[in-house]
Amino acid sequence: MTRLLLVNGPNLNLLGVREPETYGTATLDDVVELVRVTASRWGLEVEAVQSNHEGVLIDAIHAARLTCAGIVINPGALTHTSVALRDALTGVALPVAEVHMSNVHRREPFRHHSYVSDIAEIVVVGAGVQGYAFAVERLAGLVTGPATP
Amino acid sequence: MTRLLLVNGPNLNLLGVREPETYGTATLDDVVELVRVTASRWGLEVEAVQSNHEGVLIDAIHAARLTCAGIVINPGALTHTSVALRDALTGVALPVAEVHMSNVHRREPFRHHSYVSDIAEIVVVGAGVQGYAFAVERLAGLVTGPATP
Amino acid sequence: MTRLLLVNGPNLNLLGVREPETYGTATLDDVVELVRVTASRWGLEVEAVQSNHEGVLIDAIHAARLTCAGIVINPGALTHTSVALRDALTGVALPVAEVHMSNVHRREPFRHHSYVSDIAEIVVVGAGVQGYAFAVERLAGLVTGPATP
Amino acid sequence: MTRLLLVNGPNLNLLGVREPETYGTATLDDVVELVRVTASRWGLEVEAVQSNHEGVLIDAIHAARLTCAGIVINPGALTHTSVALRDALTGVALPVAEVHMSNVHRREPFRHHSYVSDIAEIVVVGAGVQGYAFAVERLAGLVTGPATP
Amino acid sequence: MTRLLLVNGPNLNLLGVREPETYGTATLDDVVELVRVTASRWGLEVEAVQSNHEGVLIDAIHAARLTCAGIVINPGALTHTSVALRDALTGVALPVAEVHMSNVHRREPFRHHSYVSDIAEIVVVGAGVQGYAFAVERLAGLVTGPATP
Amino acid sequence: MTRLLLVNGPNLNLLGVREPETYGTATLDDVVELVRVTASRWGLEVEAVQSNHEGVLIDAIHAARLTCAGIVINPGALTHTSVALRDALTGVALPVAEVHMSNVHRREPFRHHSYVSDIAEIVVVGAGVQGYAFAVERLAGLVTGPATP
Amino acid sequence: MTRLLLVNGPNLNLLGVREPETYGTATLDDVVELVRVTASRWGLEVEAVQSNHEGVLIDAIHAARLTCAGIVINPGALTHTSVALRDALTGVALPVAEVHMSNVHRREPFRHHSYVSDIAEIVVVGAGVQGYAFAVERLAGLVTGPATP
Amino acid sequence: MTRLLLVNGPNLNLLGVREPETYGTATLDDVVELVRVTASRWGLEVEAVQSNHEGVLIDAIHAARLTCAGIVINPGALTHTSVALRDALTGVALPVAEVHMSNVHRREPFRHHSYVSDIAEIVVVGAGVQGYAFAVERLAGLVTGPATP
Amino acid sequence: MTRLLLVNGPNLNLLGVREPETYGTATLDDVVELVRVTASRWGLEVEAVQSNHEGVLIDAIHAARLTCAGIVINPGALTHTSVALRDALTGVALPVAEVHMSNVHRREPFRHHSYVSDIAEIVVVGAGVQGYAFAVERLAGLVTGPATP
Amino acid sequence: MTRLLLVNGPNLNLLGVREPETYGTATLDDVVELVRVTASRWGLEVEAVQSNHEGVLIDAIHAARLTCAGIVINPGALTHTSVALRDALTGVALPVAEVHMSNVHRREPFRHHSYVSDIAEIVVVGAGVQGYAFAVERLAGLVTGPATP
Amino acid sequence: MTRLLLVNGPNLNLLGVREPETYGTATLDDVVELVRVTASRWGLEVEAVQSNHEGVLIDAIHAARLTCAGIVINPGALTHTSVALRDALTGVALPVAEVHMSNVHRREPFRHHSYVSDIAEIVVVGAGVQGYAFAVERLAGLVTGPATP
Amino acid sequence: MTRLLLVNGPNLNLLGVREPETYGTATLDDVVELVRVTASRWGLEVEAVQSNHEGVLIDAIHAARLTCAGIVINPGALTHTSVALRDALTGVALPVAEVHMSNVHRREPFRHHSYVSDIAEIVVVGAGVQGYAFAVERLAGLVTGPATP
């Protein structure tokens, strides 16, 4: 069965806990569940990883090279600082969907640049947890072809 | 019946004609139809406008102030240059979803900045015509509440 | 009878409607009336134009070349983006008074630069609708000479 | 009786003497007189200070905290360099009107930025000595209410 | 018969009227006539448009997609600000010759950048109305082949 | 008993070993001991972590969310590069005191910016190991109230 | 008896009066008293100066060259603009401790740079009046040696 | 007989040899011949110099001060780096036509600036060898008056 | 026996797998073997580490402080982002040779700056796996003296 | 008898005292004496002022408007920060010679820009006290004509 | 017999003479000899040129187009300023190895950019005269194939 | 007999010919004569070189290494562009006096930076031909000691 990798970067384990006015009340478990449900409608499995360690995320992306067909990623703060994460994504050559739950364009200037966007297929910003679902649907369309769920 | 305004900026009338390797083969009519169908699943009507004249777009946005509940907009090239369009959007105080079919982050640097993103609820980049559908769904969720279609 | 051209740029038709905390409650009609009353005290007529179309504004400025003695302009968002409007103003070679109702220096950085200020005789910022009256009085002084109303 | 503070910064004692092609022929005394006359029409007294010493200006502003209802200021060259003057103005929490007799936007780039504008109520540029009168009228309107002189 | 589109941007209707020390005394009609005569020597017809409305120019360029073989354009002030015009030109995929009558490199810094130059075949700057003739000849050479008139 | 978290970033395990001319001869153990002694005078316990792994530091900060009342942090080189660490600190919403032993303002320009300073309560620079003691005292004041040790 | 110079820059005479939400309610007298008490615990006398006149501050620093052993300075707004103050400090070659009561890193960008920090021994930011005490203690340590009060 | 100086800068001796996809197949001899033929139609002689030595070019320009009536120059790479060449051109006070065969606006950013353009009468970019002919014709018009060949 | 540390940063475990057109077909094992062989010709042992975890690399560098005589490092993406890695290298005070297999100067601008180059003895760019051998030889020369293998 | 004004800015009273390795051992009195002696050789008197107060310097320059024929100025740190001093100099319209004893180009970047240089007749940098003598001689030549002392 | 061109730029004739602490004691003759010996081990001849004249270097590179198989170049100061040299190298389309004996990354910022690096095959920095030998070996490998000397 | 080298850069052979309003009417011969006369008063000989070829200037500077005691240089346009000239000057390790006849600070921004100033002993700007004499006197003082001519 085809599989997607879901990557959540540093601090996203605090979802639903930290700064709900910015990030909402859904937890990381809610996100993973939503992604699984959405993916299953397209016949796709989901491998999920969250870590505050850049290296763990890179290792997981490397591991997906032969086992997954696409990557949904919310790199968190690493979006703006990690060339290593970018290189991991281009290194495994899988289609990437970048998700940010809050509208980064309304926040500090250093959050306006992403090292991932120009190597991603799509970028969804500000749609809360639904952004993950959108991302899965788009990747699914690319991976499984035009048939809808 | 609740209504959304769909705004397409300059040159988007050429969709499916100009630079298909960048913008795909769907036409503007296809986009409008997709938006209508998606919106109707949420019980929403769609008012659609496309123009190469900034003033026409601003007039249409003003007109939507009392008749529409949200705006889906692909400002085309005006994304990067029009403060007037931005002011029109903030002036009518409706929720905005910004859509770009191609991945602007892969293109010229002057396309990396948007005068709309920080006043939009969501931004969807690189998802082709499906980006419009995502945008409608997100706006519908904001406008009609959590019930799904 | 000597005449002034009053130019109001995009979105100023929303005066009194949009963002009253920024722009106050006076409407565009109130502005035009205030300008007419002030001008009449100096024996001046007023030609007024507002449009959301840059081209309409440029055409009106061109038309004023032989019929008006000065221009009071609030270019709205075009202040910050339109070289064409600037060129129209220098092209007709009339004295220009630039007015901004809100204090643009308190707003986004992209509103801190004006393509009009260095070709204007005076710039009045943050004085609300009274700024228009100030501008008329100053232009009147330049046009009709030192005699006061 | 309500009082306004009139502050003129460095070199403005040379008004009417230095560079008349830029600053006109009115002297500092003319400016003070014009401000007094204009203010008196609104029932306001004027306290006037000019100094080439930044510290004297700051001391005067501090002194106005409990004795004046507003400040008309032409900071001269300190406009572009003095954070201390800015802090003095915000420290006394009085409404401020900033005046520049010449059009600073036509001069050297280092004159295009003001440390005062974003904390002022209004800014009047290029209106010569009349700019002071405008400023008084605007402050008077804020201080004494909508009644006109 | 093969046809060229001649596009003149905002304020070029003032040619021969505004700022003759910068733009010379030839009128827009003179320019159009010169372009027609030059083109006819190569067996080419000319379709001419001038507008102060960006949208009208874009519409005209779109219309030329199937009817013209090349575009001679003096975008006026839009040279420096309009991504929409640029996108219209790339959208119709015709060879473009950019003309500026005055030497823009001697003017304000914001006139030193062009959104058209890197998508044009040639750029002619500072040659007055003769620049249009040069542009027609060069485009004619590209369109009709190496034979000279 | 109330507890503070002491966080030391990458390479601070080399304290007293590497570059004594810059960092002095005190070791990391000396720092921890000083912090413990100072904190105990305010009736506070100390949890100490040092790691060269950004992820370990983030995990420790997360763990402190419910167990500690404040954070004393010397982020080392991560000061200048880690948005993830910043987000961890804001995520747990505890008061933060930032400490740098050497005077970073005398070093390379890339050390002049800190991703932590604007979210910290206080910043102490250049005071050597005493900076940690200062930081504890200030945090203690915030946490335990005005009573002195 | 060894002596420290305490320098407070422009507007700090308003302490406890202006903007208490930023600067707290302690007055300048409170600051001087706190500094005296802290210094006396180390056997140090204090010479205190506050002025809104840059020149007065420079003169005081010069005077301290032979009479004081260190300088505690809160340059206020001059922090960001005065090279002359910096040169006075380096000119007398005494150890300097820089203090800012509020967290300047949370304020306007022009407050993020200091002309003093790279010539100071320590910098304490955001610790309110306690920052002065910290500074005295650190200077005392440098001046009187390792013995604690 | 009136004479023009034709100056070709470094590496233009490789014309027709190096990078034909950028510079075409015409050789430097072809360029010189085209310039001579074009000039002769206006009754003008041509003095031609090409060198990879900046000093040789400057010497040749100096020599032209009393013997030539205008200069056609393709400075090659010196366009972007040589103030000395610019000074030579202004020093001899002859009208200058600047030619670039390729479209420098499509190339590296360091080729977008020219030290010659703002002192030239005209600039022709991207027209291949025909650009030289255009330049000669324009200079001839300036030198010999409006009569056409 | 004298020892060198060979450090390979994030994603270099994918050597020979990812993007062979950029990085070639040699694997990380090939690199390590080449380094060992080259070093052994100089009588040097090699300790090799590769990790996607910045912290692991820093720990390894710290460990080398007393056991190795020099460091050959290809920091991968951390070259451009990691001050912590830089500080680890300066902290252990061993001679460093920086290697990049591809020519980073031909890639994205964010790869043109290195936090390591100015603290390294040598930098070798674009020489593929041979760059490692060069680096070893150079370090060997520094470590073992002028005698050649 | 014709007179020159000699202006020395903040901290120059410390000449010969502060930082002799940068400024040498000559005192301010030595400078004034040298200037007097040099001037007297041209039949010129000298009025000398030094102050750490910008306002005092401006007042002195104003006073020189009618009594002096030229100004020799070493503005010290105000060189880099004071627009007010610049305006005073242009306000009195006397020829100005700018002197810096040390080579400011070897010092901090903020000392590389001068607000005085572009309004001065000459600038002498790095010549120690002799720079003053050079400046007097040059001004004397301008003031008294070509006759040498 | 296959040949390499060795190019040394301005001031490299002073090798071993000027600034030995930066460049070492080897002379230019030593460099040429080392390059010859290294090349001969690969069966390659060497043509060597050094000049302080940019034009001479360009001429030599042009001459190598048909006679050499690769270029080892230390452009000296021209590295940072000469587009003409860059164009000469790309014009002859030979593989290039760039060598800098000192570590340019430790020197002035204007030495951090090279106009050659992105068109070179390899760049060797800081390896002293050995850098030339490395460069020859690498070029030899490219020119003669994988066989080792 | 001790000797100085006088270096004049490109276009200075045109002195007295080109742009007299900027450079005056003195010729290069006048400059050389003035320098010789001034030098002879200090018992110094002068070696003079002027060239439009950077390489010739560098060669002359190299030649001066063993024969001259100091260098007076007006690098002309090379001031702003030539790192090679700078390196030649530092390479021969002689004291340098930089002279510019016109006030470069009043001219184009690209003339505000000098590659020579921070390696020169003194810089004299705007003093016309007298600047050379000042430079000689200063160098003579450094070379021959404090005795005056």
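Letters A, B, C, D, E, F, G, H, I, J, K and L mark the chains as written, and numbering starts fresh at 1 in each.
We take it that a contact is a pair of C-beta atoms (placed from the backbone, for glycine too) under 8 Å apart; a residue touches a chain by one contact, two chains touch by 3 or more.
Quantities reported herein were computed from a predicted structural model and do not represent experimental measurements.
*Asks:* If you walk touching chains, what's the least steps from chain B to chain J?
*Replies:* Shortest path length, in steps: 3.
*Asks:* So which chains are sitting against chain B and chain C at once?
*Replies:* Touching chain B as well as chain C, we find E.
*Asks:* After a C-alpha superposition of chain E on chain I, what does the rotation angle come to, in degrees rounded to the nearest 5?
*Replies:* The rotation relating chain E to chain I comes to 120 degrees.
*Asks:* Rounded to a whole Å, what is the gap between the Cα centroids of chain G and chain H?
*Replies:* 63
*Asks:* Could you give the separation in Å between the centres of chain B and chain E, each centre being the mean of its C-alpha atoms?
*Replies:* Distance between chain centres: 32 Å.
*Asks:* Could you grab the centroid distance between chain B and chain K? Build each centroid from C-alpha atoms only and quote it in angstrom.
*Replies:* Spacing between the chain centres: roughly 56 Å.
*Asks:* Could you tell me the distance, in whole angstrom, between the mean C-alpha positions of chain C and chain G?
*Replies:* Between these chains, centre-to-centre, one finds 49 Å.
*Asks:* At least two partner chains per residue is the criterion; list those residues in chain G.
*Replies:* 53-56, 81
*Asks:* Can you list every touching chain pair?
*Replies:* Once each pair is checked, the touching ones are A-B, A-F, A-I, B-C, B-E, C-D, C-E, D-G, D-J, E-H, F-G, F-I, G-J, H-K, H-L, I-K, J-L, K-L.
*Asks:* Can you list the chain G residues touching chain J in their complex?
*Replies:* Residues in contact with chain J: 53-56, 58-59, 62, 65, 81-84, 86-88, 90-93, 115.
*Asks:* Any idea which chain J residues touch chain L in the complex?
*Replies:* Interface residues on the chain J side: 103, 105-106, 114, 117-118, 120-127, 130-131, 134, 137-138, 141.
*Asks:* Under the stated contact criterion, what part of chain B meets chain E in this complex?
*Replies:* For chain B paired with chain E, touching residues are 9-11, 13-14, 17-19, 51-56, 76-78, 80-81, 110-111.
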